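Below, chain A partners chain B and then partners chain C, in two separate complexes.
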Partner chain A sequence: MTPQAAWAPYEPGPDGPWDLPRAAHLLRRAGFAADWSTLQQAIDDGLDETIERLLRPPGDLLEFEATFDGYESAAATDGSTESIRAWWLRRMIETPHPLLEKMTLFWHHHFAISNDGVNNARLMVRSIHTLRQGSLGSYRQLLGDVINDPALYLSLRSDRSRRSEPATNVAGQLLDRFGVGPGHYDEHDLNAAARALTGRFVLRNELRFFAHEFDDGQKTLLGQQGAWNAEDAVRIVAQHPATAENIVRKLYAWLVADDVGDVQETNQPAKQTDSIESQVPSSQFLEPLVTQFHQHDDVGVIIERILRSRHFFASAAYRRRIKSPVELAVGLARAMERSIPTMRLGQQLGELGQDLYRPPTSAGFPIGPDWINQATLIGRWDLTAKMLAESGPYEGRLNPATLAEEYQVDRPERVAQWLADLLLDGELPVPVRQRWQQRFTSEDFTAASIRQLAIELTQAPEYQLA
Partner chain B sequence: MIRYRYRWSAVLLVLIASITTPMLAADSPGWSHATALPHEAYVAVEISQPDRVLQQLFEPRVKQAVTSHPEFVRQRNQPDFLQMMNLVEYFERRFETDLQGLLQKLLGGGITLGIGPGEQVLVILEAEDEKVLSEVHDFLLMIARNQEQGQNDSVRSAEYRGVTGWSFGPGQTHAILGNRLLWTNQPQALTAAIDRIQQADLPNLASLPSYQQSRKSSAKRPVASVFARMDVLKELPPVAAALDQQNNPLLTLLLAPLMQAWKQSDWLALDLDLEDLTLTMTVTSDGRADDGALPTGFAKSTEAADGAMPNLNVPRQIAGISFYRDLHRFYAAKDDLFPQRTSGLIFFENMMGIFFTGRDLTEEVLAELHPEVRMVIAQQEYPAEIGTPDPQLPGVALVFRMKRPDQFSLVAEEAWQKALGLINFTRGQQAEPGLILDKPTHAGVKYTLAAFLPPEKSDRAPAETRFNFQPALAMLDGFLVLSSTDALARDLIDALQQETKEGVVPEAGNHSIAQLNGSSLASIVRANRETLIRQNMVEKGHSREQAEAEIGMLAAVVGSIGRLQIAAGGDRAEQLTIELELDLQP
Partner chain C sequence: MTIHRRSFLKATAGYPALLCLAPYAPSVLVRTALASVERSSDRSTVLVIVQLTGGNDGLNTVVPVSDDQYGRNRHTLRLTAREVLKIDDDLGFHPALTGMSRLYNEGRLSVVQGVGYEANNRDHDAAMRDWYTACPGDATCDTGWLGRAIDAVDDSQRIRNPGVFVGPISQPLAMTARRSIVPHIRSLNQWPLAAAKLPVESGEAPSAEEPLLLQHLRRTAVAAHWSRRQIEQALRAVGDRRLYPNSPLGGQLKILSDLIRADVGVKIFFTELGGGGIGGFDNHANQRDNHAALLRQLSEAVTAFVDDLDDAGLADRVVLMTFSEFGRTLQENGRRGTDHGNAAPIFLAGGRLQGGLHGAHPDLTDLEGDSPKPHTDFRQLYATVLDQWLGFDSHRILHDNFSTLNLFA
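On to the complex of A and B.
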């Protein structure tokens, strides 16, 4: 398939109908996971309307955002990240705009500002708010806002950049991670960017500029010469074509597939968990997206194109991402339509490697296959089992039996299939079916059995995949 | 149809009752509830005077407080509640009485609950009016049979020694013996209880010497009592862990005397009395913590007249706690009391070494203090230039008395200023504002105060948590006051001057005294309502409405506490007395 054909809009047809697996796939990637009524609505409304609702959800979003902004600000006054982490998770679970939170999480991973260096909950809340505000708009604007965020400098231990001693950490991140990426800059560019960022100090949690500490000499940055300052450096980096490819490549890994690119594909979503091949999408394959992003600088437009594409609904994308711990937990809570004690959840997600507000390194969180090893897989099973347990740290708030009752799903076989539809795109794994077949007809298929069945479904290999 | 079934059930029950009652009456006249409980029972709860409980519960002001509560109003419109009220009204009409009268007829003879091995639970309800019990049972039987229509028969009955045992479903079984209902979660527990009732020579709880001893220790017949077999309970891991506070020096300091007594005891009894909306609880046990030679002897007074000082009283007070604790002796015994040298303990000792300029903490610091430790907790008022912090924390102060104030006051002052310096240095490293030291005077006492500068105008609402603190150190008349707020320090200077003037003496025999003012506590719950709701939402996963209801309930419960007074002593039989005065003003 040519790149143009891969990124052309997907048209449902006999070979690739708009069905439950495709709708669930879209709602997982463009959010966390859908509840049953959202899933049904997506199937009924079709792709266009569903994508429209994902990008521009109806209803009073402003009121929701204002309410949660208030909760987070108040939680930040005690100075701990535990509270603000809990509120962000709660926001992810309850938001009517899951794509916005999914992308805020993406930018948190991308910019990797950590409270370990910042040590100030208010600054962290403000920082994530900046990311949320710019998450679906202009990257150049967002990068400019982040470069003016004091949390970035504190996180990188670069709170003083003097003319005599330019701090290189922020410049390094600007070029290597936020901008053109490795191989597209050299040491001269790094020095030039660092000099452009001199005069910037973080004092009492505010970013200040002292002209006498600014190096106003000529600099050559990515081939452009001038007496560049921070704004110029951001503009030069953001407008560079390599930056567009770097960002598109990351968006691809976030929304489409961990490490799989222009492989052989069909219009059918894969039904089995194929081994994930270690291929990265070629520049040629991404070229249509990169060109569009470079020209228009609009993250939302690129996301929309990806989500509408044939490639997105093909086997090369279906179940080609491993859920991060946050996606795993928030997705389950959203599917079960209840909020849970997020204070505890934040802690358990931290133990699984995704401690919100604390990316482990300046390269962000792990991604893709790095999320799963023997220890973390057991930890992930334990997490979903605890979330669905009748009692324990999550207080039995997620109750698949009650939910089935609310949707008037009654007979045991129907409940099992309905849970498989909700959690596994309709696939009731054969071992689970075999194990449960006898119990479907017995009298002891109780609410506790439904919980147990749901736990087993979340432990299926397919459930670990987004 | 229902009426038909009801009639037949009634006839059946009347028949059973008429057959069994005379037989039981003949076999076991006047058996006490405790004789029906197994001797292996490790907890027994007996409400022996339900009439007094009902009388208090149905007092007009209690009824008014309950029925006007928003949560009650919300529940009143729920279908389950309406159904229950219809049932109550039916029985009220049937027996020509009100709810209080109905409950009196049904439960007036007493209620007893016993818990034994294997999670066995046995409940005995004694009706004042046998007919009421019989008819209510009959009605419940009818409902159970109606609910099971079309399903497997879950209502079952069986005869044992002339008594009919009933089960309305799995995990519960019961029988009626005259005017008493026996309910248990295990069928074999019911047959064993019937055996004990019919054969008085079988071992039972009442025949246990420890139970008899506990009953004798009660000064008068309480409204309700709890008997716990500590020799059995101490073997349970959670109880053993609760009694063993070796890893927590603070808990050891506060609770060791009681824990020591209870660790040595074979039984523990709790008597409850209720009079004019005041609940009094008295804990007695056969264990004593009066051995001054033990490591826990730091709470044992050397003179008969010694004991904890009366609590101090200040405006807006939430709680006051007073201990008789020889801190020097406590810390000297630390290797016995908490043998593990945790990182926290090592850090504490290192910091004390710095603050007290290398002085030995046991011999040169704690030895300088009298065995009087008092803590006061009071609500804060915030100056307008600071604004209201979120959350609003109460002020907390500790009051000690120095043996040689002339020598030790400067040592304490130096340590205090070093601690503040360290706080300021650490905050400075994090680019956080520091505390400004001042030496104000109040009531002729010059004291040391540290406070943050007021926030900038743009940053005022809500103020940061740090504005809850203006740490202060005051020394007067040999007292040493460490307070988290300026206002509390000033109030304590007034209170201590008054105490000195009045020549207040210790409460002999008490090693711990605590008091709680419910209205102040409720006030701080209300002030922090929004914070508590938010916390409830993320800690329990509740919706905002659920969190509001739960915090509303908490505020109502706390608000209903007028005053709570706790006194604990080691030398007397009543080791712990708790007096709770309810305030149910609407």
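On to the complex of A and C.
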């Protein structure tokens, strides 16, 4: 299949039926796992309406966002991020616009501003707010906003850049991670970008510009010459075709499939093919998206194209991502339609490698297979078991038994299949079925059994896959 | 090797289908599971780092008793030849280091003198950051030297957590990796790998046809179950164990010992003494008793650890190395304390060392900012343990070549 065909819209029928697995797949990737009614509605409404609702959800979003903004600023009173981390998780669990939070999380991973250097919860909240505002729009705009965010400079331990001594840290990130990427710039570009960013100081948590410390001389940045300042540098970087490919590649890894070249047992380089089955997409394969993004600079439009595409609904994308710890926990809470205590959750997610507001390095959080090692896998089993337990840190608030009742699912076999539909796209894993077969007909299939069954479903390897 | 393979077969009795599959379907899972066990049988080496937080006073740790400069400058803190535990005519251990002095005499402890780096600016955070990153002064370096080592481990072994941090403080930058998630253990009975209730093993054999991510998850699950059994076995066999001192470091080293006995694949342990933050070794005032108490805690815990591993026949596989972000000034500061300095000695303990002293005691007539100057760069030690003990390519991890020292037997 040609790249053009792969990124053409998926058509139910010729490209496979619009069914539960496909609807659940879309709702997982474009948000966190869906609850039962949302899932049913998606199946009934079809792809177009579902996508529309994901991108532009009905209802009073402004009020929701304003309420949570209020909670967060009240919580951001000290240097610690524990409270604001809990509020963000709560927002993800309760939001009517999950795609927005999913993409805010993406940009948090991308820009990787960490409270380790910032040490100020108020600044961190503001920083994430900036990402949320710009998460589905123009990348150039977003990059410009981030380059004016004092938290970026504090996070990179680069709180002053003098004319005589240009700091290279932010410039390095601008080119390497936010921009064209390795191999598309050299030391001269780095120097030019650093000089364009001179005169910037962070004083009392504010970004200040001192004209006398700005190097106003000629610079050559990515082949363009001029007396560039920060705004120019952002424009030049954002408009470069290599930047478009860099961002599209990251969106692909976030929404479509992990790059699993690394977990293959051979040490051969990952295969680069144009096949629709390819997991490490070649430039040629991504070309239609890159061209569109380069021309229109609209993240929302690219996301929509990806989510509508034949490739997205093909086997090359289905269950080809490891859920991040946040996706795992927030998805389960959303599927169970209840909020849970998120102070403890934030900490437990940190232990699994995803401490919100504190990405471990300037390269962001781990991604893909790196989420999983023997300690984190057991930690994930432990997390979902605790979330579904009758008591404990999550207070038994998630209750699959009452949820089944609410949806009028009664007989034990039906409950089991319904939970498998909700959590595993309809697949009741054979070992689980075998273990439970006997009990489906017996009297002791109680609410506690339903909890235990749900725990076992979340401990299936497939549940770790998004 | 045969014995180990057989014990693996026994240990994975729940996997008949899986093992039957092996001959005609060389699944990643089976091969990796077997490879993991074989790997454990090659007696791979373990490195234990103990951080002494706050800037340890090297001059009162390995004491130059015969040096007039020392005596003249330490009015209240001075330790005399009669008080110290003698190393030779010129040097002695702080009197609290009785156990470590014994290890030294038995050839199981080495002292590397005069370690540090020229650019140490004597600020706690900046200096500690430099020791962690091994890129002094480089703000762009945001991974730790041990984190980079952990990332360099093969993927098949990396799922087994080659590095762990044990301690009550927040995880140090030394263990920060770009890709690997490094476990932080506060206590074994709260650490999921050792304590969480595990699901029943599925017994499902993966097929080579399965997506790689699913294979990755299945083989990690096998490793996790296998490690759990190993840990349980190790904890059951504690009967005749030596007692560890009832101190924070004693408790932490006990956890390390349990995990080393369990042989679950951890190669790098990091732990800490002094309490995090600015740290207990930062004695600007009334240093004497506080310093003695910390050194006693260090010595008792390290000695129990080395003896314990020796009893278990594991001492030859383990090396423990201490470090602190800087040493201290020669002169007392008028408050019965000392201020931030530079060079200090480093200890190594274990069963396969060239014991004794390495490098001369720094010359106290040639000071900088009233502190001994380093003659051995700390990255030489890092390179030595990476190359010669753990078998890494130190250049890849330290991004430079450092001449190694002759520390191992």
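The rule is simple: the second predicted complex is superposed on the first by the 442 of 466 C-alpha atoms of A that agree within 3 Å, B and C clash if a C-alpha of one lies under 4 Å from a C-alpha of the other, contacts with A are read in each partner's own complex, and residues count from 1 in each chain.
Please note the rule applied: a contact is a pair of C-beta atoms (placed from the backbone, for glycine too) under 8 Å apart; a residue touches a chain by one contact, two chains touch by 3 or more.
From a predicted model like this one, the values you see are computed outputs, not experimental measurements.
Judged by the touch definition given at the top, the superposed model places A:376 against chain C, while chain B stays out of reach. By the touch criterion stated above, A:205 is placed in contact with chain B alone, chain C being left untouched. Contacts of A:402 after superposition: neither chain B nor chain C is touched. By the touch criterion defined above, A:385 reaches chain C but does not reach chain B. Once chain A of one complex is fitted onto chain A of the other, the partner contacts of A:119 are limited to chain B, with no touch recorded for chain C. Of the two partner chains placed around the shared chain by superposition, chain B is the only one that A:87 touches, whereas chain C remains out of contact.
A simple residue count on chain A separates chain B from chain C, and the partner touching more is C.
Judged by the touch definition given at the top, the superposed model places A:430 against chain C, while chain B stays out of reach.
Residues of chain A that lie in the contact sets of both chain B and chain C are absent, per the superposition on chain A. Only residues 156-158, 168-169, 172, 258, 260, 262-265, 279, 319-322, 351-353, 360-363, 366, 369-379, 381-382, 385, 429-431, 435, 455-456, 459-462, 464-465 of chain A touch chain C when the two sit together in their complex.
Here chain B touches chain A in the complex through residues 389-391, 430-431, 433, 462, 464-465, 530-531, 534, 537-543, going by the rule given at the top.
Residue ranges of chain A in contact with chain B, taken from their complex: 71, 74-75, 77-79, 83, 86-87, 90, 119, 202-205, 338-344, 394-395, 397.
Those residues of chain C that touch chain A in the complex are listed here as 28, 31-32, 139-140, 142-143, 155-156, 158-161, 164, 176-181, 183-184, 191-193, 196-200, 202-204, 211-218, 220-221, 223-224, 227-228.
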